[in-house]
Every structure is written in structure tokens, then in C-alpha cells.
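Worksheet for the structure shown next.
So that you can tell them apart, the chains are marked A, B, C and D in the order they are listed, and the count of residues begins at 1 in each.
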């Protein structure tokens, strides 16, 4: 292993830059050459890459987004795209790839790495925390704190105006952000894809609460289990009470990474380089129960099993 | 003037609590008794008020929302509602009202104060900055900073993924928040109610920009001049480029007030009490060109004249 | 178990209020009565406590500090103080205590609980993360993020003015905050109590760095391993380079708790009540490797074993 | 006027980058060439400068510090230093300078500009807000909000532990930051250079407050009127009450600029270029009573007259 390359693909997540810094600097520290590839797989196909130095990654540890940029690349799913990407890998003498991204990125790396026998190690970065087999992805803690801060703001109005709010958060098919935010925000209810919600039961609780004098509610909705405007409309129709939707949207993807997101990124960047050096391939590095593990791409990309029950129960017990 | 009352009405704004603190503590300092009325006019109609002490307003200076709560009250627009509110004023010996809120609140205070000859002084608190005759309302600076921080986050993704975003901000019929955010966020375009926007011209700029290699755009839209999802759809249809909408919504109303919002609130709370003591009525206190002024309700509530041209030009010159 | 009491002692930490909320609401949910004791042990000695309801803990989940207040209480270390505290426990029919605090609090609870046979369960809240046998205390993640944000700010000046900064962070005898901040802040060096630092070697690195063009440095110092002004002075004397000290101090103790600090607090509040219900005593509840554990006070209060080596190495590898 | 140069000198302030962006982009917009000079006057002396394009200032609007770096340069105060700087100006055909900085920077620009007949326009950027004749400098609003957020954190501990804190803020000889922070933070007392403080009277108030049950105090000290550790020690000696010092220090200089700091920077960057184009020299552009003004360097650099009395009175009336 003499030269490795690093790329970011899929949706951006806060901490990706810290992961790039770690791969580059730790790689150099281990006497490897490190190349940065721009715009993910597109950059491999189109030969957009360059040799990185220690200085190339200065001042980025606390910046959201990714200096390597990222893109969704349909061409990479074609025979020709992959073949051109492989040409680049050969031409530049790249012995291994560190792929920073989520499930889509790992699926692509799994196919590409096996087909052309290129060692690929995944570094899980996604605000959705939907990578199977590991506890938390780079960026999820930041997204949760951003959403929580938004909920804190909305709570000010909910309490002052005694209103019902339905707040939609990101997370795709995974209710992790929604549950974390609902718990930390002291929210009254949360709707997640893992669990069937009963809008009539929720409305029943709201009306009963109102009779006891509880006038403000925040209901968190994971994007994978409904959309805030529709749910707010339903609640309004059933209860007759004014209900406002808020869709937090893309503010959850950006911003300065939290300590946890940076820490994860720095540890996993090193772990990925170490994995490449020792000859590993086709795997994701991640934290599980406070230890670094590496799991096969094939396991990482199946639908994450998320044991939501305990957390959901706590939200309800404390609301 | 022996006893005054303070209430918050209309939408909540960050800094309302600081204004309450100022009215209460400065009032007590001036040997007045001060009552807090709950839920705005509704509290006057329904006798929900109590005598406040120095301690009643401890620890609220940095909290969003309003401890007095606020409500929209249709009953106050009826003969009977006003008459009941007046009964409360008489019963509790209230000699003057400090009304914290926006244009709707001032319209109501104007009618009520004149009809029953109750001195009413308005303290302008509204994130929309739409009170005529003054430079800035309590809460506007906080809302702008919250929106700006959201834009900074969105910029991370816009740059990393080279995408177009349409971001809708609050402000009702006033483009002040939108322009401030577009300027401070380094946004490429802004659509405000005060100025007719040409979606085709915007799309033309985007396409031309793309040809020069400028791939990411943020277009800020004031809620009074369109909605983000529709505009994003139009841009996508015209240019063929992926365009994402974000509606910032109620996160802009809450949160810890900034220094400016607190400072304004504290100065204007004192100014309102001073105005009541010297026998003023039917007026709003506010800052204009760095000085405290008081202007008639009748002038404050007309549509704000906002000279947007210079700021809009600067947005375009620097984008 | 019919009635329990909750108190906060020792230094305050962000998330204590969330822990109080959890103990109170989950206790009520489990059909217990819950009392809040004010000012820690002092409140038990002086009968400052009251029955809490669901509403007593509304709106505190996102607030720093503790609504129960906290105090250091010398009287509790006397025979008479403990005896009076026990009188209060008997008088109010308190069957168990949830003690939110750090090592000092647990030492006191250990003595008191065993002496009078009162079930006491500790909930670890301390920014220092110095409780042995568990991974992280309530408040530590918040303090680290606050310190990290301060480091980010200082980095702006360090880079712009090409200066050396020595930044002192909290943590008492534990280098956890310092290491986390140094890692996440991309700092060049960190001095912790667990490891002997060599100021001459550090100065040697700085001078060598300068020759290569590296002009700005941030050196993080744990309070337990030196003080920033003295170290800055030494560096200046040895290298001749302008070096500025910053002591972050008490800003690290307050502020809105992060998602992690809230989450921990809410889970551990419930765990403490469950422990009391099932008859446990003389134990701390906490997270270890992502699972809730309970460990004896006697183990929790010994000096924490903190395996700093891996993290320290990473700081140096990436700097 | 064909080519101008921009430089940042003195202490860095948040918003300097926004000002650079404005000078560069507006200058290009007005068909000028714009050069960026590195490390202030040092860069002129040592020929460290380069031609800037529209892209050179992308992505910096929300970043603290200055991409041009800044330095204090003793050589510029020598005949030879100035002469070499002038050589650079001539060699590169620079027709005017936009000097972003504070009083020291303007003093130097005043001397240099007059001596060699180079048009120099100052853009006031300093967290201290100590430039005479204008209302507010770029960076001051950001520093105040940073300090206020620190005070909010400290308040959590002050209230929870019922302690006295002495918090030292920046501002050199100007009490503006201290007063703004004390007012917005709801602090009990503030010591500023403009006003003689009586430590005995403060202690008297504290002791009297304690008797009435007021147990927590925050006293803000401007760096120009004392240092927190000494004052805390005095208060402790006189009152016998535990008193903690906090020196906020360099965290106040960095961080993302607030909306106001960005807005000021963008407007004044344009104003400076306009001033150079119309042939102005030896002046500072700034805001006064919400309007852009330009004032002679000679007036700007005298000690700022700051009318603190009204604000100080308000702090005391509301505490």
C-alpha cells in the first residue's frame, strides 16, 4: 500500500471534512501518499483528483460540508462509468480507497471494489444514522443538536401562544433523529417509521390534555413516517385546534460539527487507513458499544435494525 | 399614575421578556405598582392578571417567548369584549397600559385607549420589523441571526453538492428579514414584496452562472412574495436544474434574544414607563437613527415604508 | 417505596435539570410521591424541600444549572448535620434518595445511606467526567462543546495573527475534557494530569514548526496539569515567541445542555428511580459501552482510570 | 483610480472577511483591479500581495479572522519601512488603499497616506468599538453577543450555586462592550474606564442584597478598569463571600460574525471603494445615526467620546 485516495459521496454530513483531514494526515504520517478525489465517483470517472499534503486539509476540521464536494453520479452505475473509474485508479496507482458516505456510497464501493479488486474501506458519514451494525454515524449528533435547538426555539412560541406544532425532521427510513429530538426536546409525541402511529389516539390525548390545562404540544415526525403539513391539517380537522407545521429541512445537514461528530470522524479516518494498510477491504469501520469495529459492506447496507422501543417509552413516560 | 399594567399581544418575539422585565423593574423603581396581564387582551377581559414584584421577572432576560403568554383575541374586537376589559382596568385601578406587540396590538390599543381614555403606550416587538416610523423592532435582530445561521448551514450543502436552494424566511409584508439575510448570507438573489421579481431573469442568471462554473445558488424569498416550494419547482422546470426549497418557519420566532434585541427591549421598556408617567398616550416608543422617539399609533400602524433599494443593489453587486 | 426525594449537590452541570425532570416525572408515573430538596444536603439539614408535581419540572429540560440549586455543605460532614438530615428524612417519610452530582456527592451519599440505612442512588452529573466505572457523566458533552466552540473562536485569531495560544480547560484531575477539545479543535498539543508533559520538548516543536512556516499553535492545558498564564510565560521565555493564555473558566459549566447530556440525564433519571423501586442502594447508575449499568459508590468514587493514550496519540498524529 | 489594494491590520475582528469580500467584489464591479495585501503593513514592506478575483473571496463572508492575516509591524514606524512600503505601492501601480482595522491602523494610514500622497480610506473593524465619531465598529456586535452568551452560561452557575462572579471583558479603554454585556446580561454592576467605581460601595450593596435574600451577583469589569482576579479577591476580603473571577479573553475576538457585523462590513467595504473612486483620502467611513458618514482620520483616532451615563443608569435601575 503506497498510495490511497479519499472521496466523499452521497449527501453531505457535518464531520466529513474532519474525516478527510484524518485520512490525509494519518495517511501521510504512515508514509502513504494520499489523493483527494472531487465530487465522489464522478471525480474518479472524470479524473478530477489531486495529491494532498498536510496543508491541504488545514482549517477544515470545524467546517460543515466537504471540501472534496460530493455528488450523486448515475454514470457510476453503468459498465462504462465503472470502467473509466477503474482506469483512473490504475493510471494514478491508487492502491486503496477510503469512501466517506452512507449506504448508497457503500453499495457502490462494494460493487466497484469487488469487481476490480480494489481495497475499499467505508467511513460512515450520514446525518440519518441509518448504517446497520454500528451505533452512530458521523454527522448524526450534529444534526440532532441542530434540530434540538430548532425545537427549543419552537417551544418558546408553543408555550407563549399555547399552540400545537408538528415538526418534521430528517432521517429517511430511520426514526433515530426524530426520537432523539423528541426525547431531548421534551416533546409530547413522536411518529417514526419503525412504529405505526395512530393519529386519532394522538388527537384524543391532545383534547384530554387541553381539558387538564395542557395547551401546548410539539409532535415530532420523522420524514419517513409522514409530512408535517398533512399531519398538522389532520390534527386541526380532528381536534379543531390551531396546529402549525414546521419542516426543518436542510438546516439539519450543515453547520459546524459537534465534538462527537468530529471525534468519530477523526478516529474513523485513522481506522480506515489502518484497515487499508493491514489489507482489509469491502468493510466499514465504525463504533459499536464504544469500540471500533469493522463490518462487511454487505451487512452495513441492509436496513438498520433500530431498537426504538425503550426510547419511545421514555418519551411518553416523561411527557 | 400609581399603577400600570403590562401585556404582550400578537405573535411572540425574542426580547419580549426583557421588555417585561424593564417595564416591571423600572416601574417599581419609579414607585409605581405594576401588574402583569396574561394572554394579552384576553387577560384583561377575563381578569387574568396579578401584581408583579422585582422577583417576578428574575431570570427571564435571556429567554425567548413571553412569560405573560400571548394570544390573538377576537372577543376584544366586540363591544362587549372591550367593555369587559375596561371593567377590569377600572376594578384594578390601572392608570396606564404598556402594550408589547406589533401592528395588530397597536391598532387594538389605539381603539381601546381612545374609547375609554386609558393611556396606552406601545413597545414594538415583532420579528417582522414592520412597524412604521421606527428603525427596528424588538426581536428582528434575533430572527435575522437565526435565519442567517440557517443559511450558513444550507450554504454548506449548497456548496458541497453544487445545488440551488430557495429559502423562505418570515417577515409578512416586509422584506427586511429577507434582505438582511440575503446580504449577510452572501446569497445570490432575494425576492421581496416591495419589489417585483422576474423568475425568468433569475433563471437566466442561474444558467449563465452555470456556464461560468458557478454551481451553487441560494435564493431568499420573503414569505410575502411567494413560497419556496412553488418557486423551487418553477426554477427546476425552467432551468432543468435540481432545486431544493427550505421554509425556515417558526424557528425564527424563538430562541435567546441577541444583544441588540435585549438592549432595545430594556431601553424601550423604560421609555414606555417614562411616557406613561409624563402623561403620554396613544403612542409607540422606538429607536430612530439611534435616538428614542415616540410616534402616534396612527402613524406606526400604516404600512411601513422600507427603502429597500440600496440594500438590494448591494446584494446584487456582491453576489 | 412510596416517597422519594431528589437533590443536586456539588458543582452544577448542564443536564441536571433534565435529570430532575426525569426523576420527578418517571417517579410520578410509577405512582411514587417525589420531593425536591433545595441546596443539596443543606436542604435536608434545614428542611428546605417540597412535594413536586408534573408541572414543577415543566420548561426546564433545556436549561443549564439546577432549579433545586446546589451548595457545598460542610455541616453535612459533622455528626450533628447528618443527624438533622436524617430527622428530615424520617419526618417526611422519604424512602429513598436520588442524588444528582459527582464524586463528592457520592462519597457523602455513601456515608449517609449506610449509616442510616437510607437507599441512595447516585446520578452522575459533572462536567469533569471523573466518575470511575462509567463512560460519561451528564454535562461533560456540553462542556466539551462549549470549550470546543471557544477553541474555534481562538483559532480565528491564532491563524490571522499567527500566534501561540495556551488554553486552559476544566476537568480537575481528569484530562478528558482537555483531550476531547484538543482532538476536536485540531490543537497541536495538550497537557493532561495523566501524562507528564515536557515544556522544553513542546517549545522545540514550536520552534521547528516555525522554521517550516507553521506559525500558529494552540496548546490545551487541563486545569489539573498547570495553569495557562504560567505556561504561556514559560513558552515565551524559552522560544521568544509571543504567547497568549486564555482560561476558559466557568463558561464551561453553564448553558443549554446538548442532546447527549439531555439524553443521558433522562435515561439515568429513570434508571435511578427503577433502582430505588427494586430495592437497590449505595450505587451509581451510568452508561458503560452503550448500556446502563449500576456500580457501587465505593467503586465510582475512586480515581477514574482514564485510558488517554490512544486519544493523545491521535492528537499528535493529526496535528 | 485603476487599481486599489486592501489590507487588514491590528487585532482581528469578526466581519473583517466580509469587509474584504465587499471591497474586492464591489471594486471589481466598478471595473477596478483589486489586490490583497497579506499581514497588513508588513505585506506592503515585503511585497506580499496578489491580484484578487471574484472567487478569491468566496465562502469567507461568515468566517471569523481575516484571510489576509494581520500583524503588528514595528518596521512600518521607521523611515525605511515606510519607504519600502511606498516602493511596493509604486511598483504595483496601486492608486489607493482600503485599510481595515482600528485606531492604530488609522494612525499609520494617516501618516503614510499624507507622506506619500496615497489615498487611504479606513474601514473601522475592532471589537472594542473605540473609533471616535462613528456609532459602531465591525466586530463589536459579534464580540458583545459572544460575551453575552458567556454571561448567560455563568449566570446558570451563579444562580444555582448562589455565588458572586466578576467577569472581565475586552474593550481596551472603552467601556462599550462591558456596558452592553452588563445591560443585556441583567448584571448587577459594571466597572468601566469612563467612570470611577467604588469597590466599597459595591461590597456594601452585595452585603445588603444578601440580607434581603439576593445571593447571586455578576459584576462585569472592562479590561481598562481593572482585572477580574484582583477585584474578586478584594470583594472576597471585604465581604467574606466566595467570589469567582472569569476572564473571557480571546474567545471574544473570533467566531462567526453576527448579522450586524456582516452588514456593516459589506456596506462599509462598498463605501470605502466609492470614497476612493471619488477621490477621497485620509478618512474613515462609518455609520452614525444609521447613515454612512466619512470622517477625517485625525478625528477618528482621538479618544472616543462615549456617553455611558444613560446606559449605566439603566443597568442599575433594572438590576
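Rule of thumb we're sticking to: contacts are C-beta pairs under 8 Å (C-beta built on N, C-alpha and C of every residue); 3 or more make two chains touch, one makes a residue touch a chain.
All figures in this text were calculated on a predicted structure; none of them were measured in a lab.
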Least step count from chain A to chain D, where 1 means the two chains touch: 2
Of all other chains, the one whose Cα centre sits farthest from chain A: D
Gap in Å, rounded to a whole number, between the CA centres of chain D and chain C: 35
Distance from chain D to chain B - Cα centre to Cα centre, in angstrom: 28
Cα-centroid distance, chain B relative to chain C, in whole angstrom: 39
Residues within chain D bordering two or more other chains: 149, 152, 155, 159
Overall pattern in which the protein chains touch one another (line/ring/star/complete/other): ring
Contacting chain pairs - touch in the sense defined above: A-B, A-C, B-D, C-D
Complex interface listing, chain A residues touching chain C: 18, 21-22, 25-26, 29, 59, 61-62, 135, 141, 144-145, 148-149, 152, 155, 159, 180-181, 183-186, 256, 258-260, 262-263, 266-267, 270, 288-291, 314, 317-318
Chain B-facing residues of chain A, complex: 8, 11-12, 14, 16, 39, 63-66, 69-71, 146, 149-150, 152-157, 159-162, 165, 244-255
